[in-house]
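Chains here go by letter, A, B, C, D, E and F, matching the order in which they are written, and residues are numbered from 1 within each.
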């Protein structure tokens, strides 16, 4: 069964994200496409960024369904637009934060998120609460690097990640780790190995690849999010929603 | 001490909300002004509506602070834009849902929300979880009337509210009630009296008046939301946020 | 609308509390009166103190209602007598602990209480549990000064408060602070400023002023505690309650 | 090892409680004595009753320790005075509500309390929260009989208990039951048998006998409540506590 | 990347499970093998069954790793042997209950389990608690058919499933459903369609196919369960474990 | 009333456990017998050990009931076989972990477990969750000694226990302690005294003696675990359970 998964990156083009980031996640029989949004923030670091990027993210997800895409993954650990997008479409829409937090509940006893900035703790804790993943949440630890300065080749970044990982494991009781920003492409595997060398055999979850694969698994088994939890927005009786792009798809 | 509180109604003008809705909440020594937004949904009934209305709601709150307003109340039980607005300003910003859920925790043992539509249950439950008001949440009950068809003079609406209130009290263990839509102006008091006639001496909270008064109390005592929980968004290094109106106020 | 709020200080007169402590909380159009109790403890530092002071505190609250007072605030973070008083009267009765813990849930993500003594931690934690304010509780930190030795002018006390505040913010994840003893009059504002100078823009809640103002707001909006949660005690069939002062008001 | 356990009944003498209620709980080698209080309520049905009875209950417990009693059980499911009494003495003090709720956690998956009045639900829920017994709490069901009219020989009362038990088991998911008033002496066993005849093999806990036996077990194993959780009240520097009977025992 | 996943059915051969049950879950490039155990129960309906089947289930999982299998899925919603097996091996071992409960947290707001027998409620609730999936658990509903009498072609079984599904959705607030027994092969899809015809667009999760696919995704991304949460059993110093088959693999 | 309690030690004979360990727990009028199992692990240190020892532990408990024993206590803080044993018999079966965790909820505000090995933390936390004892759980601290090397006379072990106890009290907020391995016979009392000398008046619970005494109390009051929570396994229709010893007692 060949299928098409769309990654929607909820930021405007800055060069941070590249098509090559997603190469090889799916095999040659499937298709993985990716788009950035046209209006919104250049990176998602605050709640403000999330709501500025959310409308066009949802529009891109509606477009994806209209184009026949089978499932969508939002490319940001803030999961901006996840819940309204699920109202608007029937194909599976996954956010990497919701997906990996619940995956971490399967893999271990307590998980920590390795974030780019300390101020993300509050938001990750709120997300864990509404995602049903709070009971196994240990902590958020931060490398304190602005998203737009992330250099995934940098030894300094790798070292900081390792330091924060050790603090999470030794001080916070974590035994499972989630990379807390989808901009930290490819760092999970090397961190997992480095930790193993240090005697810690713990999973380090790279959010996007596993979320894409779970999206594929959902399509293959014919399951999507519950429309009883995310009901379709109806057409407004009066002045509508002020965004023509949303109005057209409503009944 | 004379102060100025702004109500921001996060919907585009439809005639549903009127200045008279807020008359008399504050005394003559204080000023209560109100604005609607210019771009967004005509009513807030879904998560989609919330994100479509949030950007301009936040813009209006930034404007309010710039104009010297002392505190802002968002006029919708979905509290759209509450959290990003708090990032952007230092004056108190209150959402009626967060405020009344925590007030209900003070007044009784368990509270129910009387909503306009059944599909709001999921969102009210998520809000209760992140607002620290979950432990006393009993239920959401709905009158099943679209917001834009609400007629606060209608006997049918009053009867439906009473019926749902009785179900919440008798079946769900609630002893405190919150009117779940700020469009149901002025219905709390009559419901409270009708319940009292039926032997139930329970508070029925009308969200906007009490939220405005608590905003005033915060201003008078020099307290606002925590900037450690809602830190200022910094200026983006690269392409910014795509919304010039937000860019200008950042440092 | 002019109203009358009574502060009931649940300790016997020792000079610790003075009428001047409450001056200026309400404007000149309203009346704020205050009484101490005649029988009970000289300060509230233990559960023993609370139950010894509770009966006369409740009697004073019953008297207040009989005199036409509009609302009562109990002047102690242990909230002694709060729940039985609510059974006995219909006017709003607020405890500063219950009120400020739920207010803290509105203002931030996690709050800490700055107590006078370490042994109050257990009681504040139990109160947070039954007040519906547990999910956002971070910690109790203590200055370790007996209530009757509190000197609110003392630089040492101010320094200790600042130290404990920093520990709560840095080590416990708090972003919102509550002064944990109503005997620490006037210290909230200076602590808030000192923290701001140190880079922490966090609210420091002074319990009595805001609780009095919220009591006023409840009166103005016609809301009180739920009598379904706090039902009236009925007259005993047989020997009664052994306290004539309580017997007389029951039906 | 012969020991002496004191039951303190926190009500003034009305004839409701009799020495014969406690006969046979301990064997002939041990001693079980019982006292009622001199000042307080005639029955415990409200929070008001609890605080009116608490001071003399604590005084009686202090006396018991001074007389060389080995442990005390408070004879009321409201556990009035439990926490302040533990501050004042080192011998074990047990409340039947705290003890049986935690025992129910051992015996089954979810427990219900069979109360005398519906208004006790709120208090049992608050107790379950602070006793660490909330996660297995199913419900409170009530027979709706005032304490002072309880007739433990009455077939009507037995029938009502059975009805409420069945509702708890069938509707609330309970599998373990607690008799919710120590005035319902001797009804647990017959209810357990009647339920067994109806196909429900569930424990029905009679609060006082098992609490007395656990008190004995604590004495025999040299364990008491934690003084780190219930620290001794110190002598007040100034005016004390206004109750000479409490002042004398403090250091 | 071609991989080999082993399904271990933790029951002795009875004809209930057949290789054809698993056909088509993986594509032709991968291998899915399956084994039953040699010693244990004929079906898993009680905690007794679980512990009787667990030792040989773990032995079969150790064998699988030794044979070079890439991941194991336990074919039973009781997840017998899941935790000890994870101690013994490093390849991913997934239980369908843990996996689908956490998947349900991703797909909706509240989930119910459709079980074969009512007595499974207690165990599903305990599992939800330790799997970090409690906050979104709505209920367990049962069709009341013994596992060994399950006939997946039976119209009666399909009708019972539909009835229980409707009760979960309408009465328990569920919006996502999990088939609660891996013996109910192939019933999820028809139930999902039938519910859709009845106006309920909700996911019905068939446990084994999605769990196998998630196991595959874990292998492909190089993630397994945390050995910090499930550390290797060490060789016993003295008499060992009494099971030679376990002794040999320990270091 | 003379009764017979059986301690079942869920390990194979190694000399670690001796009849003298249980002497004096019950008085001369009662009988305390003890057996070890014939097939299983030499010590319980992992989940693997638990499931290997569980089947024969359950068999021994079934035998005990058949012999007329009045109650059974499992002699291990892992409580192996507790839940399936309760399915198989009607006499009370107690596990020391479930019993002492709930007892600790009665004695203090927060408890810590002093374990033999750090890897037991995960299991104690899972047990606290399903035993309804999570809300008062503070931490697990470990002396890091393999069970089979425990020397209860050793000063080093006593010193390590004291050190970990102090860490639990000072760093984790615990005020009540549980000895986390039944192999640490007789160490509770000396630790309690040593802590008292250091100014900590906290209970240190020795698991087996108090659990035996509570078992006795249950027998005397005619209460056992709920068969609605632990229903009898029925005879299998087809191939049974593969263990003849279990088959014979089923109906």
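The rule is simple: contacts are C-beta pairs under 8 Å (C-beta built on N, C-alpha and C of every residue); 3 or more make two chains touch, one makes a residue touch a chain.
If you want to know which protein each chain is, UniProt gives these names: A, B, C, D, E, F = Allantoin racemase.
Computed from a prediction, not measured in an experiment: that's the story for all the values here.
Asker: Going by the stated contact rule, which chains contact chain B and chain E alike?
Answerer: In this structure, the chains that contact chain E and also chain B are A, D.
Asker: If you tally the C-beta contacts, which comes out ahead, D-E or B-C?
Answerer: Of D-E and B-C, more C-beta pairs in contact link B-C.
Asker: Between copies chain E and chain F, are the contact residues mostly the same numbers or mostly different, with half as the line?
Answerer: Same, since most residue numbers here occur in both copies.
Asker: Just give me the whole-number Å value for how far the CA centre of chain D lies from that of chain F.
Answerer: Comparing mean C-alpha positions, chain F is 27 Å from chain D.
Asker: Rounded to a whole Å, what is the gap between the Cα centroids of chain C and chain E?
Answerer: About 52 Å, centre to centre.
Asker: Which integer distance in Å separates the CA centroid of chain A from that of chain F?
Answerer: Once rounded, the distance between the two centres reads 44 Å.
Asker: By the touch rule stated above, which residues of chain E touch at least two different other chains?
Answerer: Only 109, 122, 126, 129, 175, 229 qualify.
Asker: Given the complex with chain E, which residues does chain D contribute to the contact?
Answerer: Its residues touching chain E are 109, 135, 173, 175.
Asker: Would you tell me which residues of chain A are touching chain C in their complex?
Answerer: Those in contact with chain C are residues 121-122, 125-126, 129.
Asker: What residues on chain E touch chain F, complex-wise?
Answerer: 12-14, 39-43, 45-52, 54-55, 58, 81, 83-84, 87-88, 119, 122, 126, 129-130, 146, 148-149, 229-231, 233-234, 236-243, 246
Asker: For the complex, give me every residue of chain A touching chain E.
Answerer: Its residues touching chain E are 1, 27, 90, 94, 98-99, 102-103, 105-110, 129, 131-136, 169, 175-176, 189, 192, 200-206, 209-210, 213-214, 216-218, 220-229.
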